[in-house]
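Just below is one structure, and these are the notes that go with it.
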Amino acid sequence: MHTDTDIDTDISPSSVWPLPVRGDAFERADADILRRMDAISAATACAKLNGMGVSRTAVQGPTALEVGSRVVGSALTLQFMPQREDVASGLGQEYVERNTALWAVLETVQPGDVLVVQAYGSQFTGCFGDMLVRYFKRRGGAGIVVDGRIRDAARVRELGVPIWCTGTTPHYASQTDLFPWAYDVPIAAGGVLCLPGDVVVADDDGAVIVPAGKALELVEDAEDHENWEDFSRLRLEEGARLSDYYPLSPNSRAEYERWRAEQNALQR
Amino acid sequence: MHTDTDIDTDISPSSVWPLPVRGDAFERADADILRRMDAISAATACAKLNGMGVSRTAVQGPTALEVGSRVVGSALTLQFMPQREDVASGLGQEYVERNTALWAVLETVQPGDVLVVQAYGSQFTGCFGDMLVRYFKRRGGAGIVVDGRIRDAARVRELGVPIWCTGTTPHYASQTDLFPWAYDVPIAAGGVLCLPGDVVVADDDGAVIVPAGKALELVEDAEDHENWEDFSRLRLEEGARLSDYYPLSPNSRAEYERWRAEQNALQR
Amino acid sequence: MHTDTDIDTDISPSSVWPLPVRGDAFERADADILRRMDAISAATACAKLNGMGVSRTAVQGPTALEVGSRVVGSALTLQFMPQREDVASGLGQEYVERNTALWAVLETVQPGDVLVVQAYGSQFTGCFGDMLVRYFKRRGGAGIVVDGRIRDAARVRELGVPIWCTGTTPHYASQTDLFPWAYDVPIAAGGVLCLPGDVVVADDDGAVIVPAGKALELVEDAEDHENWEDFSRLRLEEGARLSDYYPLSPNSRAEYERWRAEQNALQR
Amino acid sequence: MHTDTDIDTDISPSSVWPLPVRGDAFERADADILRRMDAISAATACAKLNGMGVSRTAVQGPTALEVGSRVVGSALTLQFMPQREDVASGLGQEYVERNTALWAVLETVQPGDVLVVQAYGSQFTGCFGDMLVRYFKRRGGAGIVVDGRIRDAARVRELGVPIWCTGTTPHYASQTDLFPWAYDVPIAAGGVLCLPGDVVVADDDGAVIVPAGKALELVEDAEDHENWEDFSRLRLEEGARLSDYYPLSPNSRAEYERWRAEQNALQR
Amino acid sequence: MHTDTDIDTDISPSSVWPLPVRGDAFERADADILRRMDAISAATACAKLNGMGVSRTAVQGPTALEVGSRVVGSALTLQFMPQREDVASGLGQEYVERNTALWAVLETVQPGDVLVVQAYGSQFTGCFGDMLVRYFKRRGGAGIVVDGRIRDAARVRELGVPIWCTGTTPHYASQTDLFPWAYDVPIAAGGVLCLPGDVVVADDDGAVIVPAGKALELVEDAEDHENWEDFSRLRLEEGARLSDYYPLSPNSRAEYERWRAEQNALQR
Amino acid sequence: MHTDTDIDTDISPSSVWPLPVRGDAFERADADILRRMDAISAATACAKLNGMGVSRTAVQGPTALEVGSRVVGSALTLQFMPQREDVASGLGQEYVERNTALWAVLETVQPGDVLVVQAYGSQFTGCFGDMLVRYFKRRGGAGIVVDGRIRDAARVRELGVPIWCTGTTPHYASQTDLFPWAYDVPIAAGGVLCLPGDVVVADDDGAVIVPAGKALELVEDAEDHENWEDFSRLRLEEGARLSDYYPLSPNSRAEYERWRAEQNALQR
């Protein structure tokens, strides 16, 4: 490897294809909806979306790097492609990487963004390390869902940015099989389509992509769901029979409505 | 999805096949044997059963949700089958589920039971969530071994019920590919046959199914094993050579017998 | 299984092939280099080796048993082979095992050694348990990287020896599919060649095998890298633009050189 | 292994659990529907069922042993379970096997039956060999779909019974990990539920399980489909544009209706 | 499913995202180079590209549907994305599909094109069936490399279009998990980057993507290689020692040059 | 890549480790036993060995390249190891390869040898191509069992050497991840231990490794087995009940003995 000083800092990542690719401008998810989504678990979001006819929303593969992780935010997307030395490769490591979609997307992070990354679940690609996550955090990034691995895990954990990934590896992002290709484009992450500006809800169960156009309906439906589950939980703790209170039957639904009315009256 | 109130709570899960299927009555594992099994690790149980000629006892796949988990109990079994919309599906979510083997088996839980679940290691099926585990705990359930995933992991962890599973997912039990089919029947969990009333020993190494008819012989053999291992551990700490004391040779066995006699004498 | 006393302690593991196989004497990694390697992460080692033309150094599969694990040491190697009852098997469990390469290699452990084990990622083989790790620790062993599983995980965790493995299992080392065959030989662990006396650097990102002949060059290159990353981290925290300081451009490299000179002056 | 003569031919496969398990009597698929199904490909059956709301019908894993295989028939089911030496094992090979569900189900084969087998895709289990397939053929069996492997492949190919399986192996049915457990019961084959008496349609695309209660509707829908595809094929060969004739648009549908009327007139 | 006549043939595949996506115009591979490439095997192309510094060119996964398949052509690309009901799904099967990238790309096929398809190796997606391959063939398409499955395999085989795929399935293209999204865009097929207009060389060894800009150099290098291998083959048949003639040593290279000169002289 | 002429033909494959490694001299399997083994299928060999207490003999992974393949021979072994550029790599392709264990072992082939290769099932390694198989055939090699892939499949098929492999690839033997390391050593192929001089029996069911020391006993046992199966086949064709004649009961065994005596009398 060349020493750190004899570098050509103007290396474009590719002469064969204009890189990085940037998709069209997009609208971030509505702040108010994101706030209301805060109380909703990934599991409830996923179940409700399924009931609303959208069945493929749970990102397969990535798991929370830290137990107890949780994030809600607007999706920012990044797409890797297979590396090919005549187009783009990581031979010069960061000296090429700095001109790629990976560096570029980080410059567009806005507070609350969740970066969602298509990396094909590669076990050889450490998409993010300490320095990049540090920079992501400084710009206000809220979380990262990567269908691939991360590196510098010990240091990354200290930064406290919630991350969902398929594991850790000592490899850097373009060391082996993949190369950062495009951002602000539709991506496939863990078998799920994610458009820029979709809502991401992720916790210990995994990450769920909520289509932007379905978010409001979901929030309204899910709030009711979370409420009656609180009531059911109470009754089960008191010794009630499961099928009477979970889910609510017409009878227990009526009972719940009365209970909630009382609760609301008390709180006023 | 229909709103929560327009439900038909009498939906039978299937008109094509009488569900849920319930197996014959069975005898739970002997309480005294369970108590003696408490001191025996999954590893020792598995090794001893292998020595006794039963070689396929370690459930492949499920791992402890929490480090340090441990349970011994009598097996209660539940079996999922692939979902098929003309027979049984989860389209109406809990409103159908409440009439399935999943709800049914929970009503039969007795204190100390370990629920063992055949779910084919499905990555799309969250067999248990917060409400079900909560109910299981309230009925005295001791632990769950599921060859599949769970959901609501954050809340489930708080409940403290030891669980072995193949991961977490936001999906509910019958959201995608499987449906709760039968209980109190022989099942295949992680490549191991489990009959109702077998003994389950699970810890950080994984779950072992001890055939009910082999449990007493195992306990007796394993108690001796755990005892001489204590002695070997002592000698190794004192600097002895591994192959002299692990496993015991005839010489060190004799030495151990004397040591144990002394220990017993001291304790009297 | 025979009872613990009717054993033939002189069972040779095999009459068909002279076991255990021991490779030629080898030189352990240089102590001074190991000391300097202490400050270098697995990720930096792996990236630098890649830059130096050695691309296959990160052991695929094994992960740290405990978050926060870290070790640097000289590689001691152990190789399993598939079990075959006419050559060598674990039917008599430890009474045969004690004459195998597994017991033998433990007798050769020197302080600081890292044991690297070829076990084909087997999910059925618990290569090490409490007693063996205990003995390994007593002899000063620094860590274990095993392309296979371990058993007695709860007790092993308490011992505090850093271990990288592919999981846990209740099976003992020769219970099922593999048998300890050779030591002090070149091995294939997680797709990486490891020669006796190579340097192992392992942390939360995984384990990296540093060829002995590349260790000095790596150390020198990596120390500079770790230094300028400290500087970059500082600048990024102050709000600098990522691509100006990570990696260093010619400009920021010059700035860094001045900064380091000042730091060094201050420390004197 | 004992010689062939010192056998106990009355060995029941298990003293722990009454084996083999036989499910309730069932009705075979209607002969007339089976005949009409003959013209329908697995692909058309699967697509139409999906359109009818049954989405999980294509058996994942098993492929045709011979290119050009094709079968339609009524499902006869067989279920393997994990082997456990205290319950049932293959140590005595065929001398135990002859009392199992595998031998038993073969005695119930009727002409035209397709045997569908749950064997968990095991790579270690050769569910059928030359002798069993030979017997199956003699009784008029039409085909076998096994989510597992077969043995004696060279001889089995000569018999000409169409078989879908996950591969070949030298192992016999109960040599290693599984044991024949039950027949005439609902099974899970390649992720698909199969009830006794369902219709099996299998060809080079794989095997599809058609629910008995959906077969008539499917046949009617599919016959029309196969007909208009013939017409589309004709038009495409003549140079028409794909989206004008595949699938039919309202215009080309009308054209097709006229064409078919003409064809029918000509045939009279 | 609706009957074939009550269809809305103007369904756009998506109101949420403008589909299908079409990439920029591209140049097809040079016809003369394609002609010269005809004599070069996939193995030689892959080895030579590796020697030229391009290491990731062999598409992993897809294999030849028919033994003896072989194609050389200019790449036409098609990309699937995960299905999401709010964006695009296959519920109405072909009535939606006809407006997708799958139908669209087929209208752009030119004689000699090889269609390369990104379908993530999905086992649930039959990207092409009889009708589509038929149409592809009619337009002069030379071959198909699909990192996914096909359906109607029996009929497709009869068409004689060489196809590399990961298997067969009864599912149609958008029946389950994927949806045709874009064409004329860079794609990732079996871990390899393919740009529109690259050269595809595929045979029984699999498919190799030759970067357009490397094709000429490759052809020249490979022609020499194929020539001297003919000579080596001759010598080995005559009984020569392998390492003297494969590969050529300086001595045998000189011998080969003389032999070739003679051959050329004879041919004039 | 350098042109074919500027090569250093004396490159030793490694300066770090003395390559190739060659194991000790070994005895080939007995010719008479090999001849008698000719009538025995892989399935019968595997079943009988299991009955004789050797349970792990069927090589997992490799399948016959051509349907109808069959070989019996004495095992010659070759072992690959992961490639590491400082030790040994394929950068210079055949110019290095010719000094490796791959070329070396081919020079030791004797008529009737079956080459068994440990290549970890790698999908990136084409262990053998046209030229090497051609040379192998010329030296009288009988077959190849490789736990990895081959290349030049079209030409290799024409050579007619029976080959069991895990697939095909355009990659050459040391192009990517592995390097030929040793020969005449014990190897692990598809989870099975193979010693030099063991007997290999391979057919459409796969390859079985028969321990040299067990071959005679196996032959004797298997010959009887093949004989009575002929008788059983006859009876089944005549309409007998499966469990009466497969396997033989004491009654049908007696009947068989008489039948065989008659047959023998007739043949004299």
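A few comments on the model shown:
A, B, C, D, E and F label the chains in the order they appear, each numbered from 1.
One rule holds in what follows: a residue touches a chain if its C-beta (ideal position, glycine included) is under 8 Å from a C-beta of that chain, and two chains touch if they have at least 3 such contacts.
Here the structure is a predicted model, which means the values were calculated and not measured.
Residues touching across the chain D and chain F pair largely diverge in numbering: under half of the numbers involved belong to both copies. Listed candidates were E-F, C-F or A-B; the one reproducing the A-E interface, defined as more than half of contact pairs identical by residue number, is C-F.
Rotation angle for the C-alpha superposition of chain B on chain F: 180 degrees, rounded in steps of 5.
Work out the mean CA point of chain A and of chain F, and you get 49 Å between them. A straight line joining the Cα centres of chain C and chain E is 42 Å long. Distance between chain centres (mean CA atoms), chain B to chain C: 33 Å.
Among all residues of chain C, those that touch two or more other chains are 55, 57. Under the stated contact rule, the graph of chain-to-chain touches falls outside the line, ring, star and complete shapes. Here the chains touching each other pair up as A-B, A-C, A-E, B-C, B-D, C-F, D-E, D-F, E-F. Residues 16-17, 53-57, 81-87, 120, 177, 181, 186, 188, 191-193, 195, 211, 213-214 of chain A are the ones that touch chain E when the two sit in their complex. The residues of chain E lying in touch with chain D in their complex are 1-2, 4-5, 7, 9, 93-95, 98-99, 103, 106-107, 123, 126, 129-132, 134-135, 138, 151-154, 157, 167-172, 175-176.
Of all residues in chain F, only 41-43, 45-48, 50-52, 55, 57-58, 60, 63, 67-68, 70, 203-206, 208, 221, 224-225, 228-229, 232-233, 236-237, 239, 241-243, 246-250, 253 touch chain D in the complex they form.
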